[in-house]
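Presented below are the structures under discussion, each in the form of structure tokens.
Note that subunit A is present in both complexes that follow, paired respectively with subunit B and with subunit C.
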Partner chain A sequence: MIELLLNLNPGLIIILAGMICAVLPASQIRKLLVIAAPIAGIVSISTLYTDQEVIGGIIEVGRQSFTTLRIDSLSLIWGYIFCVVGVLNGIFGLHEKCQITDSSALIYMGSAIGGVFAGDLLTLFLFWEIAAVSSVPLIWKGGERAYAAGVRYLAIHIFSGVALLAGAIIYGRANGGDFTFGHIGLNAPGGWLILLAMGIKCGFPLLHNWMQDAYPKASITGTVILSAFTTKLAIYALARGFAGEDILIYIGAAMTVFPVFFAVIENDMRRVLSYSLNNQLGYMVCGIGVGTSLAMNGVAGQVAVHIIFKSLLFMSMGAVLYRVGTIKGSELGGLFRSMPLTTVFCLVGAASIAAFPLFAAFVTKAMIISAVIKEHHYVISFILLFASAGVMEHSGIKIPYFTFFSHDSGRRVEEAPWNMLVAMGLASALCLFFAFPFGGYQFLYSLMPYAADYDPYTADHVIFQLQLLFAAIVAFALLKRLRIYPAERRAEIIDFDWTYRKLGLSVVKWLGAMWMRLNAVSANMRDRFAGSLGRKLQQVFSPAGTFSAGSPVNLPYVLTAAMLFICLIGVYIGAS
Partner chain B sequence: MDILSLLPPWLLTHGVALLVVLPLLAGAAMAVIPRERIAWTITFMVMLICMLCALTLALQVIDQGRLSYKMGGWEPPYGIEYVVDALSAPVLLLISAMAVICLFYASPSVKAEVEPKKRAAFYGAFLICAAGLLGMVVTGDAFNVFVFLEVSSISTYVLVAMGHSRDRRALRAAYDYLILGSIGATFFVIGIGFLYMETGTLNMADMSNILDGLDGGSRVAQVGFAFIVIGLGLKLAMFPLHMWLPGAYAHAPSFVTIFLASTATKAALYLLLRFAFTIFDLSFDYVVTILSQFVLVLAVVGMVFASIQAIFQTDVRRVLAFSSIAQVGYILLGLSFLTLSGLTASYVHLINHAFIKGGLFLAVGAMWYRFGITRVADFRGLSKTMPWTMSAFTISGLSLIGVPLTAGFVSKLQLATAAWERGYGWAVGVILFSSILALVYIGRILRVAYFETPPQINGVEVLKNEAPLIMLIPMWILAILSIVIGINAGWVVDAAGRAAELLIPTQMIGRGL
Partner chain C sequence: MANAEIKTMEDLTLEERERAEAHPLAVPFLFLGRKSFQDKFIYIALIGLLITIGLGFIYPLHHPAPYDVMPASWGWIGFLSYSFLVLCAKPLFKLLARPESYYGEDPNMDLDHIPEEQPHD
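Up next is the complex of A and B:
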């Protein structure tokens, strides 16, 4: 028991804190927990990890054993960064006094961390599903508009979990009951199912729609929290299970490109960020597909910095939404006058995502692209470079430009609340620190799964990157000047989710209409049956129903007599 | 036991009698006390002393085993004997402790719900009710059980009817309860009469010995057993005999509902255990048949039907009342396994359910006190307007569902394990299904409270209006207790295990399987 407690998965500590929050009405103590729990997580990870793989927390249930704790060089960086961003999110959400947000944020974060440290596929599945279920309230808190999106999100993620479980069972059976979560590969039985599960969660093309559907509709703090964990847990799982699968290179490349176009024409800034998130995930998937130690280092580093700067961007957009009440590009503009600090932080985030030298992604994205070139995937590397320019376009320029500069919307609002500024400030500082040439990026590299001897600050790399970025800026300016750049319009872009949100819906509607029209009789019968069943249940069980009636019906007395009779017969039979 | 040596000797020797006599006398005296404040103080002091007595007795039982007290110095089996053993001591402690906890809460709650002139009398009736419940648990004399059963029942009818100033339907509920309760008591006394006719004694231990000598062949004893089971079944709300319960729980004053829900049915359940397993025992085939088949079927049907009925209720107090009937089903299910583990589970749930349901009704009473609401639909936004109360409700509610780390999980796990050991795999399924139904009826309330916004009055959202501290303390005591048991259930399970060993002595193990 003691041994089990000492080797407790750090995620469980945070989940426990979340459960306490769920029933704790005192908001001050809740807020303390929200920030303290991830810090406790960091402490716990650092005490548990000892330079080599740590396995523990083995629980036997029946004949099945669950390895609830495994920390090694790959999962370590994920665990740390999840905790760090948890603290930032906690600070960002300090102003919001909502029991549900606090508790589901903690449980969700805890299950993501738990999933990262899961040693076998079944434990992973458990945390996978807890993460899905516990994150839905964050979406629902976004108001009425978010309800349907939340349901769609839940359905897709539960499906992902089911696919994972099915795959895991096939895989475990084939391995003679060994569910250890190591390299799986596509040739293993059940491998494709597991890949499908992970692909849904990290937004493979055509499986990605839940992200752009749900994230922009969640509450202000909800989106910030959501953006950090789900997809990165899936990236971790991919890195663990499918490193070096060639197909991932092509999937990843496609993932980096297609969101660029949608992001450029999208009006809702948080949706732009969701597309950009999808695009960033593409780099990671691509890196996993390459699978060399350089690529894996790049992936791990990219995940770490990406979580920070993506949260930073979502936070800045959240702050704008909080103050202005809208996040539509067409209704914003000129906010740098009233929200100067937020503007600065947003620019830091934008520069980081665009991989400007001295900003976070510069030191990691290049690792992935170099790894791709080293393995002679030249076409892919060009696609990635094009996508980099695209990132610059939509996240680096579009987001800050339309929100804070552009034409003045005339809105004069207050600066963001202090807690949001603190959270954004810390995130900005981390973005700068991780790319700092003297000690900063070296620290990041030291956390990577493999020994990294890579120097991002070579003259040609810096110059190349600057050329690329300035070319993108010139292109933006030119397009804007020539009025070709798509103007911000009020519209919701529906891409592949058209199949189920429009096509599927109309098919269902058509079927429904046909059913009603052609089969009025059967519909009637069905209605009559369902209605009468409902009525019967009501008649029996409702407060006015038979079972609730008092003395006038005399039912209690009849029943008492009947029971006595049955009991007497029972005694008689029993005795003879 | 060092603590025992510190206590005054008169408490050790006469504690058993004090437990019953003190509230009985104080209850009578309450008739002439004009002031509510004084009445409350006396009631509280009396129940506090009772709780201390019960605690002393429990410690003594752990130390010395069975205690016997001869009323008035008359030797049993001729005189009335009071007996405290591992089976009754925890129930005594439960009843007196719940009374003390509820009394904290009583002063604001009774002020709000009972007419001023009747408040002193109300406390009187409460004391008599408590005396009756304690008496029927502590006595070792079968006829004395009937007397105390009636003492507690009649005062309960009065207590329920006192709710009429807040809800006129209380009168009708009290009337229904009176009629059905009297039928139950009559059946019970008829059963006792048959036993007396057959054995010529009223002392339980003596009765048991003589019955054993009859070699199971006595028709009179068999009929007596059937009457006793049905009589007690009415009192403990065994499934189709539960009709009086929802009305009584829903319309009585909050304080009465809390006390009844956590003690009255438990005392009746105790009597069923006492009669079925110690006076009669498993060596009689008809006892085995009735318990392992008749009671089993009613328990299972009750668990499912009452839970479904709870889902359809619009009034939260009725939801909880139907849930109580379902929980009685759980307790009876464990009993019907006729195994040590089954009885242990049954006894654990008897204790846990008292805490859980007490906590839930305490929270609902506080909500009525602040906002005058009991309907499910009126719970909108209570997580914002009464956060502490709602949190206590949530903890107890989760415990009722059986979420891990709560008391409810402990008892359901025990019960499911016992069912599995007994070879009743299907019963595990029923327990799970019934828990899902519980999730629905509690989840329905929680959804309204947490996900909907507080109602608006004249366009202004209702402000936060937390229950007074004196109401919050008892409900949080019970909520925390629920979690404490969920984390460390050892002491409850141990106590239940000792009770179960008393019910099925070694030579009876395995009989009737």
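Up next is the complex of A and C:
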């Protein structure tokens, strides 16, 4: 027991804080806990980890043991950055006095941290499901329209959990009951099911729609919190289980490209950012597919900086929504006059995601692209560069331009509340610090899973990256001048979720109607059949029936029990 | 006499009104919203592009891909990719855009967020 407490998964501390929040009516103490719990998580991780892999917190349940704690060089950076963004989210949400949000946020964050420190697949599954269930209230807090999106989100994530559990059981049985979460690979039994589970959570093409459906509808604070954990937990799981699987290179490349086409025509700025999130995950998946130490370092670094700058961008859009009451690009514009600090923070986030030198992604994204080129995947590297221009379009230009500049919408509002400004300021400082050439990026690199021998500030890298970004800005300015750049227009942009939200629903409705009709037509027939079947069973099984004729009175029971036993054997054989 | 010099909002010119309404920190940057500045912005980007193209010849890529044989390759990729994306927007919008109530959900949902938040300031 003492061993268990000394090796407590830091995620469990945060989950416990979340459970306390659920019953704590005093909002000031709750807010203190929301910020203190992730700080306690950072302290716990740094105490537990001492440059060596730490395995502990082993719990025996029946014949199954659960390794609830494993901290190594791969999981370390995820754990730290989850805690850091947890503190930022806590500050950002200080204005919102909502017990459910505080409690859900902590339990959700704790389960994500618990997941990255899970030593076996069954523990991972438990945290995976807790993360799914605990995050739904954050979506439902977004209002009436968020309810259906939350239900869809929950269904998809529970399905992901079921796939993970099924894959884990198949994998564990094939390994003689060993569920250790290490490299799995696609050739392992259950590998594809586990990949499917992770693919759903990190938004593989055609499995991605839950993100663009739920995130823009969540509450202001909820979207910021949601953007940080679920997908990065999945990226961690992929990095742990499927590094070096070639198929991920192609899936990742597809993920970088398709969202940029949707982002360019989307009017809801938080939905644009959801597509942007999907696009950034593509770089990470691609890097995992390459699987070299350079690529894996790039993935870990990209996860760390992406969590910060994507939170920052969602925070700035949240601040706009909070003050203006809408986040539709067609209704915004000219807000830099009223919200200058929010504008500056949004521009820092935009420059960071676009990978301008001295801004966060510049020191990490290049590692992934370099690794792709070094492995001679030239077509993929070209696709990643194409997607980089896309990132510049949707997050580097569209988000700040249409929100804060563009035509003056005439809206004069107050600057964001102080807590939002503090959270955005800290996130901006981190974006600059992680890319700072003198000690900044070196600190980030020291947290990476492999020794990082990479210098992002070479003359050629700075020059060619700026060349790409300046060319994209020239294209934007030119297309604006020529009036070719499309204006923001209100619309619902349909994506692959049309298949289940419209087509699937129509099919189910049609089947329901057909069933009702069939029911009405066949009611008499069914009644006659049921009556006839009942009479026949009565004739055979009743004490006066065929089985009892000339036999001891208990024989029907014995025969029925034998039949059930045979069924049971059949089910058992089928299941094993 | 002094009262006669006080101007109401209606008396202010557009520029004065903009300054009066703007956040104090935004006042020195109001030029960013002017069309004349936004029209000239292309020249800043163009100068940046030309400088980086020139420097690209002096500091070529250490690990070039086959497509990097073309001079200013990343510039071309950035310009053409961006333009392609924007040019795709019109046909894509025609193909994929539906009325906001297409899925039967309230398109004015943004306003739902506000009452739930409890501002502290």
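Just so we're on the same page, the second predicted complex is superposed on the first by the 512 of 576 C-alpha atoms of A that agree within 3 Å, B and C clash if a C-alpha of one lies under 4 Å from a C-alpha of the other, contacts with A are read in each partner's own complex, and residues count from 1 in each chain.
To be clear about the criterion, a contact is a pair of C-beta atoms (placed from the backbone, for glycine too) under 8 Å apart; a residue touches a chain by one contact, two chains touch by 3 or more.
The structure presented is a predicted model; accordingly, all values stated were derived computationally and were not measured.
A.B. asks: Answer with first, second, both or neither: which of subunit B and subunit C does A:E375 touch in the superposed model?
C.D. replies: A:E375 contacts neither subunit B nor subunit C.
A.B. asks: Going by the touch definition up top, name the partner, subunit B or subunit C, that contacts more of subunit A.
C.D. replies: C
A.B. asks: May I ask you to decide whether A:D102 touches subunit B, subunit C, both, or neither, giving the answer as first, second, both or neither?
C.D. replies: A:D102 sits against neither subunit B nor subunit C.
A.B. asks: For A:S542, using the defined touch cut-off, is the partner it touches subunit B, subunit C, both, or neither? Pick first, second, both or neither.
C.D. replies: first
A.B. asks: Could you say whether A:R481 touches subunit B, subunit C, both of them, or neither, answering first, second, both or neither?
C.D. replies: In the superposition, A:R481 contacts subunit C only.
A.B. asks: Taking the superposition as given, does A:D120 touch the first partner, subunit B, the second, subunit C, both, or neither?
C.D. replies: In the superposed model, A:D120 contacts neither subunit B nor subunit C.
A.B. asks: Check whether A:L568 is in contact with subunit B, with subunit C, with both or with neither, and answer first, second, both or neither.
C.D. replies: Touch status of A:L568: first partner only.
A.B. asks: Looking at the overlay, does A:W140 come into contact with subunit B only (first), subunit C only (second), both, or neither?
C.D. replies: The first partner, subunit B, only.
A.B. asks: After lining up the shared chain so the two structures overlap, which partner does A:P25 touch, if you call subunit B first and subunit C second: first, second, both or neither?
C.D. replies: A:P25: touches subunit B, not subunit C.
A.B. asks: Touching residues of subunit A toward subunit C in the complex: what are they?
C.D. replies: It is residues 94-98, 141-146, 148, 217, 219-220, 260-262, 264-265, 321-322, 325-328, 334, 336-341, 343, 370, 373-374, 378, 381-382, 385-386, 388-390, 392-393, 405, 408, 412, 415, 417-419, 458-460, 463-481, 484-486, 489-495, 501-502 of subunit A that touch subunit C.
A.B. asks: In the complex, go through subunit B and note every residue touching subunit A.
C.D. replies: 172, 175-176, 179-180, 183, 187, 216-217, 219, 222-223, 225-227, 229-230, 233-234, 240-241, 243-244, 246-247, 284-290, 293-294, 305, 308-309, 311-315, 318, 383, 387-388, 390-391, 394-395, 398, 405, 450-451
A.B. asks: Help me check something: in the complex, which residues belonging to subunit A touch subunit B?
C.D. replies: Touching subunit B from subunit A are residues 19, 22-25, 99-100, 140, 537-538, 541-543, 545, 547-548, 550-551, 555-557, 559-560, 562-564, 566-568, 570-575.
A.B. asks: What residues of subunit C sit close enough to touch subunit A in their complex?
C.D. replies: For this pair, the touching residues of subunit C are 18, 21-23, 25-26, 29-30, 32-33, 38-39, 41-42, 45-46, 48-49, 52-53, 55-56, 59-63, 65-67, 72-79, 81-83, 85-90, 92-93, 96-103, 105-107, 109-114, 116-121.
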